[in-house]
Amino acid sequence: MSPGKTQDGRVIDYQELQRHNKATDCWVALHGQVYDLTSFLDEHPGGRRLILAQAGTDGTEAFEEVHSKDVISRTLSPETLIGALDQETVPEKAVKLPGSQPKGTMAEEGKPDLARVLNMYEFEYIARKTMKKGAWNYYSSGTDDEITLRENTSAFQRVWLIPRVLVDVSRINFETTILGYPSSAPFYMTATALGKLGHMEGELALTRAAGKSKIIHMLPTLSSFSLDEMTAVRGPDQVQFFQLYVNKDRKITERIVKQAEARGCKALFITVDAPALGNREKDMRTKFVDDRPAEMEEKDVKRSEGAARAISTFIDDTLCWADIPWFKRITHLPIVLKGIQCAADAVLAAQHGVAGIVLSNHGGRQLETARSGLEILPEVMAALKSYYADHPGPEMEVYIDGGVRRATDVIKALAMGAKAVGIGRPFLYAMSAYGQPGVEKAIQLLKDEMNMALRLLGAPTLAHLRPDMVDARNLGLHVGPPIRNYLSEAVYEPLAFGNHKL
Amino acid sequence: MSPGKTQDGRVIDYQELQRHNKATDCWVALHGQVYDLTSFLDEHPGGRRLILAQAGTDGTEAFEEVHSKDVISRTLSPETLIGALDQETVPEKAVKLPGSQPKGTMAEEGKPDLARVLNMYEFEYIARKTMKKGAWNYYSSGTDDEITLRENTSAFQRVWLIPRVLVDVSRINFETTILGYPSSAPFYMTATALGKLGHMEGELALTRAAGKSKIIHMLPTLSSFSLDEMTAVRGPDQVQFFQLYVNKDRKITERIVKQAEARGCKALFITVDAPALGNREKDMRTKFVDDRPAEMEEKDVKRSEGAARAISTFIDDTLCWADIPWFKRITHLPIVLKGIQCAADAVLAAQHGVAGIVLSNHGGRQLETARSGLEILPEVMAALKSYYADHPGPEMEVYIDGGVRRATDVIKALAMGAKAVGIGRPFLYAMSAYGQPGVEKAIQLLKDEMNMALRLLGAPTLAHLRPDMVDARNLGLHVGPPIRNYLSEAVYEPLAFGNHKL
Amino acid sequence: MSPGKTQDGRVIDYQELQRHNKATDCWVALHGQVYDLTSFLDEHPGGRRLILAQAGTDGTEAFEEVHSKDVISRTLSPETLIGALDQETVPEKAVKLPGSQPKGTMAEEGKPDLARVLNMYEFEYIARKTMKKGAWNYYSSGTDDEITLRENTSAFQRVWLIPRVLVDVSRINFETTILGYPSSAPFYMTATALGKLGHMEGELALTRAAGKSKIIHMLPTLSSFSLDEMTAVRGPDQVQFFQLYVNKDRKITERIVKQAEARGCKALFITVDAPALGNREKDMRTKFVDDRPAEMEEKDVKRSEGAARAISTFIDDTLCWADIPWFKRITHLPIVLKGIQCAADAVLAAQHGVAGIVLSNHGGRQLETARSGLEILPEVMAALKSYYADHPGPEMEVYIDGGVRRATDVIKALAMGAKAVGIGRPFLYAMSAYGQPGVEKAIQLLKDEMNMALRLLGAPTLAHLRPDMVDARNLGLHVGPPIRNYLSEAVYEPLAFGNHKL
Amino acid sequence: MSPGKTQDGRVIDYQELQRHNKATDCWVALHGQVYDLTSFLDEHPGGRRLILAQAGTDGTEAFEEVHSKDVISRTLSPETLIGALDQETVPEKAVKLPGSQPKGTMAEEGKPDLARVLNMYEFEYIARKTMKKGAWNYYSSGTDDEITLRENTSAFQRVWLIPRVLVDVSRINFETTILGYPSSAPFYMTATALGKLGHMEGELALTRAAGKSKIIHMLPTLSSFSLDEMTAVRGPDQVQFFQLYVNKDRKITERIVKQAEARGCKALFITVDAPALGNREKDMRTKFVDDRPAEMEEKDVKRSEGAARAISTFIDDTLCWADIPWFKRITHLPIVLKGIQCAADAVLAAQHGVAGIVLSNHGGRQLETARSGLEILPEVMAALKSYYADHPGPEMEVYIDGGVRRATDVIKALAMGAKAVGIGRPFLYAMSAYGQPGVEKAIQLLKDEMNMALRLLGAPTLAHLRPDMVDARNLGLHVGPPIRNYLSEAVYEPLAFGNHKL
């Protein structure tokens, strides 16, 4: 008899577990406990198929590939727990198949040496070529036609730099502070979900690399590792922030926030642009790859209707400005609102006395044709300048994220008024391709580019960056979808001539 | 002796019918009656060849593929009727060839499961791959270089959304009314011609799907099924509108309008942008595929000159503003003008007291380089605002159609002032690929997208949609033909170098 | 002894002719006369090689392929005539080779039936596929990077039409007058050089088709047929204009102008944009195809330096405003300046009392990155309106040419103020592909398009065309070279990644 | 015993030299002297690998391929000299391999005849096809995504010319002066580094061609030949300028400047846009082609961090406005600042009393997304006009460089206020493909184009060029990266459909 008993002490043997193996009756064992996931199937952000594949078995190994242990308590309601699995009844494990080896060690032979990687694009390219398709699709996808996704990078390329010459640039210094905490560069590692998809060390690789490079890491709510694990690897002087998806159950939210504060996180970034998950079709296709029995098809038709409802189980879609004072009461951490997208909301944020805002469209993963953070920046800075002229006092810091691939991108945002810039996917791709050394290299490449670009711009320190160093007149100019609209083009049949091939 | 006699009781035997088998003497039997179509050849919207292929035979089966029975009385003048066909003289039918099976059942094996279709583009793509070429060309073609056709979709992608955050979006409601009739979503199924080309159930599949989904269907004049058939399948609370091509013979027009009202249609949408049919070359090429005797060639040269004149037999090209009062007299239905394209005409419509207008370029099928309905919308709303400020009273509803592929497109139009948006081709493509279930799925996908996008936009109801939620500054910005001009590119020979291949 | 003696009665036998067969001593017999073309080699617009290939022989047949007989007296100075060729000394002609058959009959089998051609692009496409490379290159080439060439078509596609509805369009009439002469459509056939390159009937096919279609043909100075031949085929009521390249020798100019007037041409279009021939590299490469002895290479290096100088032998590069009164004195014909490209010169033209101007960049064959006639039109109309407000009296007519491919292009120009539009290459391509019937079909297609577009625009007559029917705000908007810059792209090597292929 | 002794007379035999053959102890013999280059490895602009390949051997031959002899004294500190190599101890040279033949003679057979080259693009194309990859990459590369590199050419294509007609253009004259020195055309040959990479005659071919063509050559600091060698081949009336990278050691700088003046250079162009070398990744990849021992890998990771620091050994990154008076004291040459990029710095230059400025972004090789010289020109001319209105006196000349490929580009810059235009890469490519005759041909082609374009523009002399002859309204319009962003596109995976291939 195995020890780990539940409240009512119920113990389940493997033969019983095996009987609950279908969509209408779905048990799965995780870390020695047996859960009834039948009603959770439609709420699983990763789709019902991943759970159904483990129905009636011990799913711990598959679970571990993506999740940290504490995700169970964070997402499953207590009544789903059936009891403890009697380990003695479990048959011998099958030999591990080659396909199930940890992701971080795959396709090593074909990759370029890390020393030869020259820029962020190259990390992305190598990740695309070497990652598992499903993981690549999860990281890289955006919403709908991916117009906003591509616009995020494209926007920076409509802003031009205006360098000054004959300035002494022998001493370059781009250290700064973010919310008063020192950072070796004016960018931070923003929160990204499910780090284990790309590399077995996941968020641990990311946060260790950030620590070694003395930049700040914003720990995600939807991490693959637990908050304890992520804060445990923090270096002595390292600063970590915490990103929060607000749970509908405010008790859970309060517990998470207090845990983050207790574990030493220095700021709370509340995501405000995700009352529902965006429609990421590249990602959704991954889940349709394998065949399915007809029984599930009908179900799926309904599922699509309920996708928005499903996520609402986790994320509070009633969250509104009136809730901000409550957050201030439950924590001493400075509060930053992540996902502000217009001047009016920026002023509201200032009025609610938060410490900062992130101008962000969530990496192009939420509302299609939302504008880039960079495009919003000038109108936000102007509105805040006007607001603070009337309301003197401490001023919020303004950050942007989305689409950054070059240090010149960072510099443009700073010249236009941002205090710092969040970078997400580039570090995920570096991690997926090369693990922690890849992330460190990526940070270093950006710092090298910073050093070079500040010299060439004639701006030896960040204080030298001024609005007149950029020509941003074309930022609001959109002549069509960035690059091209691949979906429109795919369905349009070009005109041709009579009997002739073009 | 067969019963169905004509006025003068003339009965024709099959051997006589067979003698009238050429362009200068062309009889065809349809549903047991023999017609002399010689003078109708040049007036047939589908071209003379389709009729000539049936000259001297019973063309009922080919006729049925595209037309409903009542199209005969709607388009042929009484004097074309020669008499009844003596059925006993008709030889045994040949065995039905595999090629003539109903369209809706073709190529089923290669199609993705309907449950896996994720968006409107995909329906279009599958339709393109599986439809008969001629049907695809008829549905998908636009006028001339198809610049306006493509611009319709492209215009939406130059408008950006400005989401608000921290708004309670737990209860999304996008029900609305159109002309006072309830609709489960702010879009309606606009009239499209010849539904049988894409699927054997044609308009019946469309209107049933609309009814199940509680959206309004606008029944077309150029339907494959009769008005009686289309209204017969209407559900208990279902609302249908009627689209009207005005016939030069006002008696026919009056009969059609009164019939629509009698059959329970709730509004009359008069098409005002089609005094002649646009020049749709992709469609025209279809008719040239097979070989022809030289005798017809010369005729065809002339035909092109007369194409505009031919259609004028059906459609009244004298229709003008002075005719509007007449329509008000013959029907109690609210009147909507479909095809308004500038502010001046919108004000004229208001002055004439109609119930609504549709800003539309007829799906890019009429005047080449006409602007998109979306681009026209802001100037129309401004002009009407000014007009109604001086002339208080009930205000027209404004709709747009053309190019909609995403719920964000619908939302943009509504934020800019439209009451609802018409959608045509996407439902035709869904029908062509999957029949009625496809259309229902398409409507549901759009509703899912609506739900998602309204949440992410911070607009839980349609009343929240305001002009400051869109950045439409680039709508009037046209840097060249949308995507590319395939005809210009096809004929331009790029510069190259001496002996070298590029 | 042959009869046709020269002034001094010298007669040359064939053996002597054959001795003058090199670049430094080059005689050629043409129509029974022997000419010393040594000094003319560098002045030949078609390049020295074409003449050298005939050095020391009878070149009449090759000459006839491109030139009319009277080109000799128009271009060669009297002192080049050596004497008459003694025909009895000429050896028997070799059998005609298949390759030298008339161009108009080539590749007939692969062409679509003329009845199936649907638009101007298609004529161009077929011409490109069936014409001799050299002829295609001469007709289709533009200057330098061909940016202006392509912009001419592209400009029309940045202008949008604003249709009016509910206008009675049952009677469409687009007849007009040009300089008071009736035209069945608001476009004319503009002058184009060397019609025989594309078809053996050359300008005769063009002018006959214009006559049958009741549109005006502007006869070119650089025609393949003589003025006498072109005017001889003129129909009873047909109107022909005459285009003039001003010869440096004013006596020759005066003789040509008076001849045009005497032959019944109704207007004189003086080309003012060609003091030198543009740099048409696509065309120039044609001349380098075959091998050459080294002796010529060095010469060619020098030739490029002298290309501008060479043409100045024919065309008067001193021509200036002060010359206009002289033209008025030598002819009663109305004078039109062809090639005006800015408002200031349009006003100068008005001040000089000419009858009209053509806004034209010479089909993109002269100054690279000159703007399109359409783009210039609004500023010219505004300047003339202002000028005539101060100087009441008869007003010039304004025409544009360049890039027209659709009737909507013509309509846009007219709505913006042009009286008529010149069309050149489309008719050349139709002629090259199908001879005179092709040209007639092309004109008819444009008229069909006119008819259709005017109906759909709600403009039954040309008087209905007003500036508020076009949205031309984007005309001056140039975001880059039209379509693409093929030369820039050809030399740019895209960035790639380490060891990976993209 | 060999004669050339060092200060302390030390003589090294070949066996000893061979022992110092690794990264931590690296001796190389050059021109009979032995140098310890261990500490120089990281400072070598061409990378450490090129030196390591010669470690412990006589590297004279490899050195000669790129450098002139005097580069040793200009870059190596005296203490790196170990002593003289005892030539008698050197083993017999190996037979020269075919691969090491001089570059200028390679691939001759496939090239078009020089006489057939028609424009600058074609030289570039041929160079790309025939040059050694490393040399091509060094010449052609730009910084980061190469947006500025491509924008330089693209900018000219957003400016349109406005020709005047009926102007006497029989006498074209585009001679001018630059800083008072006559030039046969309004462009000069700007300084470009390492001419030997492209052709064995390198800068000697360039300067001889400039002399023959009577245009001015700006001699580069980073030349392959010595200043003495470059000035020795100067023709009797030829004018040479000198481009200066300011060395941190002001004594060296002073020596170089005085040497340039003594050797007859007529002006000093001080490069002010290169306090550090730009990030040219295309070039950097060249250095990674061959395999390396693992020992070096780790080193390279560090190297990237130090790249900016390394170059600072040569170039003074403290250089600032306060240094300008010092330059005026050490030389009588007129001083021009090369690399000004905004109006504010142009005014500062005027205030510092220099003779001229070059608006330049260093050929797109320095700061990414810096604007083109052409785009900066209008704001600079306006600012200087305003400045000189308040400060009458002698005015600076303004030049631009970057992206020029056509004479129309030169003309646009002059019409907008530039005195002359610098051209670099086109001449390098002409030299690489054809040596000195290629450069002469390139200059002649540009002059031919000048002649033609001025005629067609109606501007017989440079004095006729006025701002109203260009439409530059779109210069500041940037709708995205020029042409395309190849890196962004390479990493973006287009959306696709379910099971279907697009």
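Order of writing sets the chain letters: A, B, C and D. Residues in each chain are counted from 1.
Methods note: contacts are C-beta pairs under 8 Å (C-beta built on N, C-alpha and C of every residue); 3 or more make two chains touch, one makes a residue touch a chain.
Everything quoted here is computed from the prediction, not taken from an experiment.
In this assembly, B is the chain whose CA centroid lies farthest from the centroid of chain D. For the pair chain B and chain C, the fraction of shared interface numbers is less than half, so the two copies use mostly different residues to meet. Computed from the mean C-alpha positions, the centre of chain B lies at a distance of 62 Å from the centre of chain D. Annotation: 44 Å between the Cα-based centres of chain C and chain D.
Among all residues of chain C, those that touch two or more other chains are 116, 118, 121, 125, 145, 281, 285, 288, 477, 479, 487, 490, 497-498. Listing the residues of chain B that touch chain C in their complex gives 144-145, 147, 272-276, 278-279, 281, 284-285, 288, 297-298, 300-301, 304-305, 307-308, 312, 317-321, 323-324, 337, 339-342, 344-345, 348, 366-371, 476-481, 484-485, 487-498, 502.
Against chain D, the residues of chain A that register as touching in their complex are 113-116, 118-119, 121, 124-125, 128, 136, 140, 145-146, 150, 153-154, 157-170, 172, 281-282, 285, 288, 405-406, 408, 412, 441, 444-445, 447-449, 451-453, 455-457, 471, 473-474, 477, 479, 482-483, 486-487, 490.
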